[in-house]
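Here's a structure for you.
Going in written order, the chains are labelled A, B, C and D, and every chain counts its residues from 1.
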Amino acid sequence: MKTIVLNNDQVAKDTYYLQLQVPEGFKYEPGQFLMLKINKLNEPLLRRPFSIAKVDETIDIYYKVIGLGTNILKSYKKGDLIDFTGPFGNGFDLRNKRIVLCGGGIGVAPLIGLKYFLDSKNITSHCFFGFNSKEDCFVDFGEIATLDGSLGKKGSVVDLLEDLDNSFHVYACGPKGMLKALCELADRKGFSMDISLESNMACGFGVCLGCSINTINGYKQVCKDGPAFNYTEIIW
Amino acid sequence: MKTIVLNNDQVAKDTYYLQLQVPEGFKYEPGQFLMLKINKLNEPLLRRPFSIAKVDETIDIYYKVIGLGTNILKSYKKGDLIDFTGPFGNGFDLRNKRIVLCGGGIGVAPLIGLKYFLDSKNITSHCFFGFNSKEDCFVDFGEIATLDGSLGKKGSVVDLLEDLDNSFHVYACGPKGMLKALCELADRKGFSMDISLESNMACGFGVCLGCSINTINGYKQVCKDGPAFNYTEIIW
Amino acid sequence: MVNLEVKLSNLRFKNPVLVASGTFGWGIEYNRFFDIGLLGGVIVKGLSLNPRQGNPPPRIVETPCGMLNSIGLQNIGLEKFVSEVLPQFDSIRTNLIVNIYGSEIGEFVELAGRLNNYKQIAALEINVSCPNVKAGGAAFGKDPEVVFVLISSIKKVCDKTIIVKLTPNVTDIALIAQAAQSAKADAVSLINTLTGMIIDTKTKKPFLGNKFGGLSGPAIYPVGLKMVYETYEKVNIPIIGVGGIYNADVAVQYILAGASMIQIGTANFVEPDISLKIIEGIRRYLEDEEIDDVNKLVGLAHN
Amino acid sequence: MVNLEVKLSNLRFKNPVLVASGTFGWGIEYNRFFDIGLLGGVIVKGLSLNPRQGNPPPRIVETPCGMLNSIGLQNIGLEKFVSEVLPQFDSIRTNLIVNIYGSEIGEFVELAGRLNNYKQIAALEINVSCPNVKAGGAAFGKDPEVVFVLISSIKKVCDKTIIVKLTPNVTDIALIAQAAQSAKADAVSLINTLTGMIIDTKTKKPFLGNKFGGLSGPAIYPVGLKMVYETYEKVNIPIIGVGGIYNADVAVQYILAGASMIQIGTANFVEPDISLKIIEGIRRYLEDEEIDDVNKLVGLAHN
């Protein structure tokens, strides 16, 4: 399906904010993602997955420029048509606990929509976001940590969660290293946690079996069984 | 090498006029061509050959949108950088006879530069250009024939050359069917003729041996031995 | 009106467009995009007797105009397939083809024999590209004698249409096709993926969990097309062409090369309804060329 | 400073980057773009005893991320090569490697013997992918015994470094590499092109004048890489990796897979000075990874 690009501006270092027109009948849950076909050529061949940060007037996506596909994506202009499939994946599973959102880098994106959703339901949540540096930050809410100390607290965002106990439930998304550190912290502090994972994807809806990750219940598909998983399930 | 696109406007049906900044030290002869790398991807992989229509303030190219590469080429905008190699190929071999230029469709392009060159040397030449229809025409000089009669004389441009005799030398470029018909006419009327040929090309400068055509002297390379050949040499 | 219907042994297909095993799940997943009953047939993912976990991740990576996969034939096994997937095909109006494999001949034969009982299944596609445990891991499909014995054995226990899916990683694919023909296979499909790999220069290790993977996608279509073309000159049974088909032009090229039907694989991931577009594209090509029957196109490039 | 110098038998190469036969003309043509003396070595186009016309046009066509060629080994023949090309290499400060082929063993041997006299030539690369007239047209390179006899015979008449260029169109390329090793080849280079074809749906005929062609370019690199990787585990002689290399990352992948040197082919057409950029890219990779010698990279992906 195609929709119209309404905005595609740089909002932080290598980070862009893509807004798409909401197609008629489009439904989504926070935590889901779209698969974008970047151009009409066979290179890049496969669609690329991007979390839906939020949907209201527009579908909002934040993306980081990494390689082949995202380097082309950034040249889209207002008014261009873009080809998507989805939304795919499960929404975040809502827990009846004190809620914390913890994101690192571009992994903050899917949490924006979750925050927005929780606010709309009057559910209180605490947000902790980490970036390498001030120039990488693209959110204007939540407590911030930066590795170089240029914004918020100096250090890893994981450090900001030291005070949590088992009354909390964390939704986390970010680079592998951060997620692993969070898992150790969760083990230590006893809070529960869902983490949103990434994997190379071909289809996005469970047919290629390419996006498997290893869990204590065998291989699972990030696209269909996730992208969020209970952290205790993951075998790193 | 890279140069700047100064203009890339549509000038006729599926036909675009590409103007490039002349790089320092750039030398060319009428009849030569450039190889353009259309994008930075591996698809399309190979460079595409385009005749240099003319060089004065700018390098002028006329191109027709055909397939993969030219469909992307048409999206270039003023100010974009484009990657070229060349100029390659031989210039037209100038003859001391009454000169006629005969072009069909996009094959008119290289003759524009030849006309311009001859004019600058005060050499008289007669131009005959053929198109399918008025909407395909992108020149404003010469005698025109269109197949549907919407501009100039109705019929093939070949018909316009019926009056030539062996005192003439023709430079021709155009689709295969037209060139074949011209060869028959040349045999009948006795005029001499150089025809500019096309072939799929990989390198453009004689190393891949991919652009061969069959001649009475064995296979020859369009890029290095041509693109213009004495018509009597060609085995169709 | 042009005719798109094709026949294979005693089966009729609405059109020559199938979807390739491993790229179309169990079929039903694609119903969210279009009515899969419009396809010539659906080849479901590789089935084995017992469930299989598949290979460790990462399992896929993109390559220039292609992709590598090392799924390792993950599947739910016969029992679950029969109880959960098959019933859903009662209401789907297209040919269901089940792609099967085993690690030794006995496993293939048992599986084929048991699948023979289910009326929802039109045909079996025998995947001989998987490693042969008894023969030290080399694929069944690389040895014509093994293919002959395997297919003959399957034919004894299963009277459904038998299609043999050949691997391109051999010196002479037509030789293997001939072995399948001698064993009374009803058709051959070619090609499966080319073996390939990618190395991650950051970790300095093979990128895929399984090191090697199968290369598919547009990149490989000239190779598949050539193998279909040469096999067409060496066998009399129908050929089903597969490998890198991403538009109607490439599909038509395969038919001209000698394929009676074609399969769409990797392209299903990129464009879930590409197979419908290709059916329409083949129809339009026939109309433009004023050919009234797709069967008349088969092998024309040999004339 | 990192070391890029590599050795092969008694030869030294400034760096591990060569340019592949048939994609670099006679070398000198590229001097208009850069000083070819900066390359590790230049492999010139396939030479035969007598001049050859090559195949009828069209000879090339683009495919997804690749190209097919059916040049058919057009070349000027030994005599003209010796009189016109060789003298130009007196002043070029890089290793000249001559790629040779014949239609039967005797032709190879005579050619190798005669080339042995010229000091400008550092090594011969034996192209065994061409059809063997005596064996009914199948390529020399598909039969390990033929490769053994061919290379042994060449070694008897030529004491230059002998590299055997292998075809990927076989079931087991490592087996052929082992035959070359047994025959005392100094190195193997792999891969040559994959056989493929394209059909023109307008004319309904094979597009290339010769019907079939060789597939090269980025599309094939995962296949070449895998063949280098598996051959590295089976032979002790150096491997020269070739196939689809289009940037330094892919070049490094080949080295990690086990290639001591690499060749740039099709990419030379797209970007005439790509080989220089790849040399620089390899140097930068080594610096970033803090590895002081390119030789230490060879085969690391096997650890």
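Going forward, contacts are C-beta pairs under 8 Å (C-beta built on N, C-alpha and C of every residue); 3 or more make two chains touch, one makes a residue touch a chain.
What you see is a predicted model, and the numbers here were worked out from it, not measured in a lab.
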item: For chain B and chain D, chains touching each; value: A, C
item: Label of the chain whose CA centroid is most distant from the centroid of chain D; value: A
item: CA centroid of chain A to CA centroid of chain C, Å; value: 36
item: Chain centre separation in whole Å, for chain D relative to chain A (CA means); value: 46
item: Chain centre separation in whole Å, for chain B relative to chain A (CA means); value: 53
item: Shared interface positions of chain B, touching two or more other chains; value: 42-43
item: Shared interface positions of chain D, touching two or more other chains; value: 64-66, 217-219, 246
item: Touching residues (chain side chain D, partner chain A) in the complex; value: 64-65
item: Contacting residues of chain A [partner chain D, same complex]; value: 42-43
item: Residues of chain C defined as touching chain A within the complex; value: 22-25, 29-30, 32, 45, 53-54, 56-62, 64-67, 69, 71, 74, 217-219, 246, 266, 268-272
item: Sites on chain C touched by chain D in the complex; value: 63-66, 68, 142, 169-171, 194-199, 201, 204-206, 211-213, 215, 217-223, 225-226, 229, 244, 246, 249, 252-253, 256-257, 285, 300-301, 303
item: Residues of chain A touching chain C in the complex; value: 37, 42-47, 68, 85, 199-203, 205-214, 218-219
